[in-house]
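The following pair of complexes shares a single chain, subunit A, combined with subunit B in the former and subunit C in the latter.
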Partner chain A sequence: MADSAIDRLARATPSSLARRVRGLSDRAIAWVFVTPTILLLLAINIFPLIWTVRLSFTNFAANKPNAEVKWVGLRNYTRILTDPDIWQTMQATAHFLFWTLLFQVVIGFSLAWLINRKFRGNDLLTTLIVLPMMLSPAVVGNFWTFLYEPQIGLFNYAVEFFTGIPASSFSMLGSVTLAPWSIVIADTWMWTPFVMLICLAGLRSIPDYIYEAAEVDRASKWRQFWTMTVPMVLPFLMLAVLFRGIENFKMFDLVVQLTGGGPGSTTLLTSIELKREAFEKWRTGYSSAYAIILFVTVFGLASIYVKALNKVKER
Partner chain B sequence: MKGFLSGLLRLRRGPWELLASCLIGLGVFMLMQPFVLWAFTWSFLVTLTGTVMFIITSHFPE
Partner chain C sequence: MSAWSVTEPSARSKGIAAVLVILYTVITLLPLVWIIATGFKTGPDSISYPPKVIFEPSLEGYVNLFTDRTRATPEQLAAMPPPENFVDEIVQRRGEVITQPSKFGERFLNSVIIGFGSTFLSIFLGTLAAYAFSRFRVPLKDDLLFFILSTRMMPPIAVAIPIFLMFRQLGLSDTHLGMILLYTGVNISLAVWLLKGFIDEIPREYEEAALIDGYTRLQAFRKVVLPQAATGIASTAIFCLIFAWNEYAFAFLLTSGTAQTAPPFIPTIFGVGGKDWPAVAAGATLFLLPVMIFTILLRKHLLRGITFGAVRK
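For the complex of A and B:
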């Protein structure tokens, strides 16, 4: 009989090592496997976090590594939290977060609900809908820059076709009032398929017999939707919102490609401002404090959200 | 309300987590609201207090 790979490996193991491994308990073997991952996690996640907290209390500048580093206490935090410009970026981020999440949830769930029905070409349609999500954000940013062109962009012509507003009379990326909506539209176009896929998984996990039982009890379609479909898809939907919420809070590439934070600072999201402070103005201590503020906000929100998610799942 | 207060006094997880969650929510709202700058200034302290409280109270008994 041919030797298996495990047999060959066992024979190749030096006898001294084999004796040592044989003596290990299950718990010890588990630790042997887990330790490299924990060390890696400590090295690339925990240590930088602690270091960032330390830097946030200093005036350190990464482009001047030999300059004297002064302990400035809470000065960086005070400056950030009294700066009207940073306040403005927080509002821009809140606008972006709220509307993208709302549109993505409503459109994503609706699409999933429609796709969940059995019809011809269902698979092909699902693949086509999912395509935007597979593109690079830089590509999507470029792509939408062309679509938003006032002279040649398809988006403006579509608006003209449906509303009668002349295509060249407005610029989505150049207008102070329209630019925040332009990034919302592009992000919604790109990431709605993601929410749809998660909702679709939720909808497909609902067994048919529940609906059959509801039909026997003569429950209306409306009642079936609100008392069965929505509660059973809710944990999936909440998970999608959590993922998209965290991702959109640190949205960078798509917006930089589309508007670069402009016009003025109307689409300047926190991540873009943070990058400018850290790697253009080289105020490392200040940007560390900024990063810590964002981290605590996301961490706090994610904590209560995960708690709520667990409660919904327990129901 | 009486149950909530007695839960707080007896250091039970539920009411304390609720309180911490409210603080985090309030802090995030203060951070992103467009109305008054002073709320933005104090938002981080409120969020941080809520987050630390949430981490501690999630280890309280049910």
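For the complex of A and C:
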């Protein structure tokens, strides 16, 4: 076509102008679209975090907003780290974390492995098994106190039915030795499906031809399981443990409904202790420091763990 | 797969697996079945020993759930007109009178308002942000997943302290608006991340074709991207709704009256003398049932939602 430069310019100018009027530029759209979300995150996530850090260096108490606020430096931190009660709650949390993760990994993986036998109806069963983890932990936890009632509770009755130990002879929530296990059982019931679902995704990601090759090489089923199945599911399993670990470290709703930290302080997990300090004793500065310590702990552990996870993935 | 495959489990191993999985399913569903069953028991039936599996169903639990009652004296009962409906009949048979409707309806409605409000806001803002993150060069893009994870590491109680102070300053304590904003703030990073995954899967060529046809970016976003992302948006919305619906810690600490949701309320249901388990179970059933239905609808995208998009399939 024999278009002169001027002709082309004449046609180009109005259309690009029109475009400017009709629609925003990509850059502007990007900013308009992202800004509200960023502002909300700043207001609800970042700003409170900074405020918590600030409060952790003071003796502020939220129930006395007019009292004089003093800077106390690192005193809150040193008091927490030298407090034997805090170490006791850490121990309770560690017990809870260790056993819930162990049970959920073992049961979750086994279930996934069984479901992966691809028998008829496995989809329906998977959906049914998953139900408990989608429900409100507080409402379900509250109901579990009924199941754990001595004499009338379904759990105690089932124990009596299968082992012969009288249902009224023990109280899961009232006994110092049994209470830590009562929360482990309820949490395992609720969250095993989570680990199962992730393991199932891992098992299904293993291509069939690997097993076919192993059959040709006459590797035994046992050997196939340990040298192929387990290593290939491991990254998935580790991811599940990461999520459950973080969630259970800050566990609140289920356990506060089940035992509320008792009897004594046998099931006093860190989050429940934090609630007592912050909203019952109203030691806002002290509990802010405690919150920061917990956050740094999880953050540190999770970072190390993610590094390990990435190494496993690369293999 | 060929007709005969070495990787296909044998019929026997399938059978054993099926039996074991069915056994687990039955055990794991027992507490849920028990909640639903207890809701239809009478008070004495609910606390009988041994636990009653077969019982005469009653709506007593549901009546108690929705009403506040008090014990009536025999003279009062004798003076009352004969019961007009099943509600009066159930209450009178137990020698009680209804004083007022209970707070359950209100609390349930609060859960609905706050749940849907925050879900709508999360999805509206989240879809916009996710599109920008997916299609444009935006700063902080790579840190997003890490950011989501780290906001989830903070115990809710820890965040609740400054939020509590902030809401008190702004007059947002115990208001619907405050809770909607809070849950949106909690959910939005997850929503953006999940939606970005769904939008990433829509080929850019569709939009580019639309742009060449003379659509503006915004038109292409509205008429090409949004319809394509509809399934993803719907499942993300259900996730946000379930998280907001189930949330307990913030609701427990920051609401007490007008904006209290159902999870902190249900455990506080008491009868005329002590814990009224059929009423608690009835409330739990009404509260949990919608989530069960949503879970079944959502089953294909479940994994993606609960792992924050880390596992896709």
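In this text, the second predicted complex is superposed on the first by the 272 of 315 C-alpha atoms of A that agree within 3 Å, B and C clash if a C-alpha of one lies under 4 Å from a C-alpha of the other, contacts with A are read in each partner's own complex, and residues count from 1 in each chain.
Following the convention adopted for this analysis, contacts are C-beta pairs under 8 Å (C-beta built on N, C-alpha and C of every residue); 3 or more make two chains touch, one makes a residue touch a chain.
Every value quoted in this text rests on a predicted model; they were computed, and no experiment measured them.
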Simultaneous placement of subunit C and subunit B on subunit A, clash or fit: fit
Which superposed partner A:243 touches (first subunit B, second subunit C, both, neither): second
Which of subunit B and subunit C A:307 touches, first, second, both or neither: first
First (subunit B), second (subunit C), both or neither touched by A:109: neither
Which of subunit B and subunit C A:99 touches, first, second, both or neither: neither
Touching partner for A:87 - first (subunit B), second (subunit C), both, neither: first
First (subunit B), second (subunit C), both or neither touched by A:143: second
Comparison of subunit B and subunit C by subunit A residues contacted: C
Touched partner set for A:299, first subunit B, second subunit C, both or neither: both
Partner chain in contact with A:77 - subunit B first, subunit C second, else both or neither: first
First, second, both or neither for A:118, with subunit B first and subunit C second: second
Minimum distance between Cα atoms of subunit B and subunit C in the superposition (Å): 14
Doubly contacted residues of subunit A, that is, touched by subunit B and again by subunit C: 299
Complex interface listing, subunit A residues touching subunit B: 77, 81-82, 84, 87, 90-91, 93-94, 293, 296-297, 299-301, 303-304, 307
List of subunit B residues in touch with subunit A within their complex: 17, 20-21, 24-25, 27-28, 31-34, 37, 40-44, 47-48, 50-51, 54-55, 58
Contact footprint of subunit A on subunit C as seen in their complex: 1, 5-9, 13-15, 17-18, 20-22, 24-25, 28-32, 34-35, 38, 47-51, 125-126, 128-129, 131-133, 136-138, 147, 149-166, 181-182, 184-186, 188-189, 192, 216-219, 221, 242, 245-246, 248-249, 252-253, 262-264, 266-267, 275, 277, 280-281, 283-284, 287-288, 291-292, 294-296, 299, 302-303, 306-307, 310-311, 313
Subunit C-touching residues of subunit A, taken from the complex the two chains share: 19, 22-24, 26-27, 29-30, 32-34, 36-38, 40-41, 43-45, 47-49, 51-52, 55, 62, 111, 114-115, 117-123, 125-140, 142-144, 146-147, 151-154, 157, 167, 189, 192-194, 197-198, 201, 204-205, 208, 211-212, 215, 236, 239, 243, 246-247, 249-250, 252-253, 257, 270-271, 274-275, 278-279, 284, 287-288, 291-292, 294-295, 298-299, 302
